[in-house]
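Chains: A, B, C and D, in written order; residue numbering restarts at 1 for each.
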Amino acid sequence: MATTAVEHAHADVHAHGSKTGLWSWITTVDHKRIGILYGATAFVFFLMGGIEALLLRIQLGRPDNTFLSPEMYNQLFTMHGTTMIFLAIMPLSAMFFNYMIPLLIGARDVAFPRLNAFSYWVFLLGGLFLNSGFLFGAAPNQGWFGYANLTSNQYSPGLNVDFWMIGLQILGIASLAAGVNFFVTVLNLRAPGMKLMRMPMFVWMSFITQVLILLAFPVITVALILLMFDRFFGSHFYVPSAGGDPLLWQHLFWIFGHPEVYILILPSFGIVSEILPVFSRKPLFGYAAMVFSGAFIAFLGFGVWSHHMFSTGMGPIADTVFSLSTMLIAIPTGVKIFNWIGTMWGGSLQMKTPLYFCLGFIAMFIMGGLSGVMHASPPADLQQTDTYFVVAHFHYVLFGGSIFALTAGAYYWWPKMFGRMLSESLGKLHFWLMLIGFNLTFFPMHFVGLLGMPRRVYTYPKGLGFEIYNQVETAGAFLLLIAFLVFIWNVIRTTRGPANAPADPWNGATLEWAIPSPPQEFNFAEVPVVHSRDPLWETKRERGGQLPEPVRVSGAGIHMPHPSYWPAVAAIGVAAVFVALMMLPKLGPAGVVVAVAILFLGVFKWAFEPA
Amino acid sequence: MSFRPALRRVVRQAPFLLIALVLAACGRDYPQSTLDPHSDITRMVDGVFMNTVWWALGVFILVEGALVWAIFRFRGKPDDPEPRQTHGNTTIEILWTAIPALILAMISVPTVRAIFKTYEEPSGAEVVRVNVKGHQWWWEFSYPQYGVTSANELHVPVGKTVFLEMDAFDVIHSFWMPQLGAKRDVFPNRKTTLWFRADSAGFYPGQCAEFCGTQHGRMAFHVAAETPAEFDAYIKGLQATGTPPAPPAAPDTAKRVGTAGVTTAALAAQTPAAAPAADTVAGSKLFAAKGCVGCHSLNAVKFSKGLIGPNLANVGARRYIAAGTLLNTDENLAHWIQHPWSVKHGVLMPELGLSDADARTLAAYLRTHTGK
Amino acid sequence: MTAHADIAHGETAHEHAHPGIGTYVKVGVILFVLTAAEVAVYEFGYNHAGAGFGALLHPVVIPVLLVLSALKFALVAMFYMHLKQDSRLFSSLFVFPLIIAAVVIVALIALFAYHYAFQKLIH
Amino acid sequence: MAPAADHATTTGLDSRKMAIWTFIGSECLFFASLISTYLVYRGKSLVGPFPHEAWTSPAGQHFEPILEIKLVTVGTALLLFSSLFVVIALNGAQRNRRGQLLTFLGLTIMCGIFFVGMQVYEFTHFVHEGLKLQTNLFGASFFTLTGFHGTHVTMGVIWLITMFILALRGKVTPEKALNLELAALYWHFVDVVWIVIFPVVYLMK
């Protein structure tokens, strides 16, 4: 990695001093700050989803429990699923997209910094809207999958479903805007010399994730619009008595829903593929195979959706086709796992916290993958679907997979983001508590599912043999709580401590470790030129050892976009349009007109504001 | 370091623990277990599943083993020399693409065969046909061949093929009999099917498996698989409710008890007490006056279609009430009639504000309806 | 018909050798003719299906309409949206989603047709 | 939405143009879902009015086939011509021919407005005839599909009017012709969607 000054001098010079205060966060268009906003917000939502899960686990801790009413239980399990998927794992991934993608590809920011701010504000408002149902005692209660026709006015008369379908539409807009942004960023803002096949694996997997977001979210948007028309305007898309077909919802939902699973896991694949080589001190094994298997998983992801619907009785041919395509996905997934082990093989493993979490990820993800193959078989799935076996399966994939990998990413990039090293001993304690707690919580679910316990039940009777398993699971859930309290303590302690992180604490291979921790607003004083897949390792090899600590520079002459509050105004407009739709019976069309006016004001001001 | 030997001990015992768990899963402590098949269909499904399990277990041991081996074998220190920088190995990568593909082929062949088997449509005079209808939150079973209907307790003959044609009254449910027929969703706008042939008598619990609203958690049912003679008697009893007024029948304490689910004590508790005739008259009046008739029929043959409550023609002899939730004792029955929402909050059966005496009278009256 | 030029191509992204007005008008005329053909196919294939050309056309109305529509689609995309001259990347940004979209439409139609056929089979 | 830095992009392509193409790609799935819904529900309506068949209700009310092919053919032609006009307008912008730019941009906007007007007329006409969103599955899926297309056309018209005002102020120079090209790309996409909808909804019985 040689560096050349390709930067042109600009007349428009402004200081890159530290800007603080609430206003600076509201108007920020800096991808790093937006990344931190995403991370902080998503972590709060993650804790809320976790508390919801704990309440569910308390209720299920013993048979015929009355800790939660069935109404409350249904709201909590719906919000737990919706929150973890849309408000925790996706935006935690988005935190890494935001913060890391520009750094990893040697860019100064994302392609559209203001669109990026807009995405965040829409996400925040959507998340708040979704949760505001709790304030009205009417949180969504129809499950994160919202199967029609239970969601119809007839069977869900309250506001519960409205909060859900509107909240998801708002969140969809945030995801789509971010999807366009990062797609273009990766294609167009790579440093000179960074060809596609030299991109860090996290960038590759994030890129594929954006493709999935862009192609999957419009489908759920349409499904939700049809539901909205049914509920608000009295159409009958999903109403059987008028000829509508609830199965259409299932198909549209899972055409989105299955790619969504890969939207949740592919960024984690990327994070692990960044960390493993660094701590194995050895390049990623089978880079090209990793790229292609990721792309193949994403592509196949659009052809397997009906495996969520084997129990609907689609007929033998459809079952066979979707079963075989599903099993096919195991092959590229297996290739990824083998290549990770291949990366470690013959390496020199540096047993640091990020690596611990990566290893936990691989070990747990293997189990999630294997149980996945078990219900790729429709006859077996007829016993397993809608039972705790499936709950076990996808928690091994999404918690054992995504959350472990995201945590690994947090420990790995924390020094870069905040200039401070998280405590290793607390980190390892966190890991062991999480690994044990996770397995205590979710491993018994395999058994209790096979023993006949269905999902989404607010209680279960004595005498079916579920008691002991559920007790262990509840105990495990509390261990998980302790694990995350350790993490929070680690963060607080570190934040209070001195700024002790060097630019390159882990002997990293990628560009972000060449600049100070935390990076300056413009990231790279000089835009780097890339000659290989592990540019920093190459440079270090050329110079015979560690590089000197990079110095902070003034950055005068580097043009960065101005802060702006118009993206936030536009985001408020977006949310207002949906709220006005929901309040149409009360506010009338005037509400919609005002909301659209706010939206247009925001968009026009933003569009005509100088960069 | 006492940790290592302890770990080794756990690792050595793990297979035994696992086997113990699996064995326990097959036993009678788990009446709703999918691992304890009692019909041809569930045995086949179990076979497909266990085939996958063994392959998965092999893969699991190899891959997790390789991972653990790599973790211990390749542990390094910061000042170790840089390891050899390998970027990949085409041969080995092709190999580990091909081998999983072969394993998947081994799994998919029995899978596809079983898929087609589950969709077969049995025919012939011997086949017992049952129409299943899911309601919020109970199950309706009717026998088109015999012209009778019942609820929440499905009686089938052992050794005969049972063919279920299913749909839903309101929203999507899923009919799940873990030990007899696996599961299939039921829809308000289409028919779905299941078939099975029970191979051993028993009283098997089942449950709705698709989230269907507030009381999804307590939408259970039971399948009584009995000898053909017992099954015929059951049907005849239901048919007899078509010619009321039926004299209050003596309780049938000799009724067969299944292998699973019900203990002797529970059985004793649910033995119906003979109701005095005066109560029957009072109960009958209450049944009409309190509006029970608006939703429930006491006749398994002639009843108006579209009633939203379960048919109660043989409720006095059912082992459970409230969709498989409560044991059918006099006390429970009265409590359920009086305070349905304290048992199943949000259930469609309203709180009628019955007095204790009324509830007891109604329960006693219902007890006389045994379908015998 | 291709008035597109080999002139000074591709120094910067902003200067594509877009075709001239002549080409645009020609494409416009073709689009108009194809639209007229579509309506004609509808008219003859359905309303005059009794005899002659209409009878011949009747069984293939839908495929013919799909082909005509695809032709129009391709013409607009290639000439008006400049995919013929612009970077291949833009074409793939359009074509890949179109493939997925087509898969989704075809699969859903097939699945539901199959659902209903299967329902009839049961009863 | 300006790019972060002015340095040349990796691909040499403009980021905004890439973004609009990405957005169009995403929109393909949006309309694919709506079209799928329409097709899945074709012929599944329980009551009329129907698109291509006459229907008499049990109460004896008679409905003719509701679609007005002639009217919509005119609308289709308008949309096609508008695509031609906008590309000529863009040509004018790129070659700094102000008259050509303004004339054809204006014509494009007129076509767009007339198309929307056609649709408003069609919708009101249908409602008068007794076909509403709530009437049957055909009404629901028809209004949703064509309505969302119409919304896209309206957005396009607003965007083009903005460009027209900028052009009047002399701000659509050859260097800034890309701003118009983005609007034009979106406009063409709306057109090709209609190229699919027209035969699928109106011409296939």
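Here is the rule we use: contacts are C-beta pairs under 8 Å (C-beta built on N, C-alpha and C of every residue); 3 or more make two chains touch, one makes a residue touch a chain.
Not measured: the values here are computed from a predicted model.
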item: B-C compared against A-D, more contacting pairs; value: A-D
item: Per-chain Cα centre nearest the global Cα centre, belonging to chain; value: A
item: Longest centre-to-centre distance from chain C, chain (CA-based); value: B
item: Inter-chain centre distance, chain B versus chain D - centres from mean C-alpha coordinates, in Å; value: 52
item: Centre-to-centre distance between chain D and chain A (centres being mean Cα positions), rounded to whole Å; value: 34
item: Distance between chain centroids, defined by C-alpha means - chain A, chain B (Å); value: 36
item: Multi-partner residues of chain A (at least 2 other chains); value: 187, 214-215, 219, 244-245, 247-248, 255, 315
item: Chain B, residues touching no fewer than two other chains; value: 190, 193
item: Interface hub residues of chain D, defined as touching at least two other chains; value: 9, 11, 13, 18, 22, 25-26, 29, 32-33, 36, 40
item: Overall pattern in which the protein chains touch one another (line/ring/star/complete/other); value: other
item: Touch relationships between chains, expressed as pairs; value: A-B, A-C, A-D, B-C, C-D
item: Complex contacts: residues of chain A adjacent to chain B; value: 69-71, 73-74, 142-143, 147, 149-150, 155-156, 240-241, 244-247, 280-289, 311-313, 315-316, 319-320, 323-324, 327-328, 330-331, 334-335, 337-339, 341-342, 344-351, 359, 362-363, 366-367, 370-371, 373-374, 377-380, 382-387, 447, 450-461, 463-465
item: Complex contact set, residues of chain C against chain B; value: 115, 119, 122-123
item: For the chain D and chain C complex, residues of the former touching the latter; value: 9, 11-14, 17-18, 21-22, 24-26, 28-29, 31-33, 35-36, 39-40, 52, 69, 73, 76-77, 80-81, 83-84, 86-88, 90-91, 94, 175, 178, 184-185, 188-189, 191-192, 195-196, 198-200, 202-205
item: Residues of chain A touching chain C in the complex; value: 187, 214-215, 219, 245, 247-248, 251, 255, 302-303, 306, 314-315, 317-318
item: Chain D to chain A touching residues, read off their complex; value: 1-7, 9-11, 13, 15, 18-19, 22-23, 25-27, 29-30, 32-34, 36-37, 40-41, 44-46, 133-134, 136-137, 139-141, 144, 148, 162
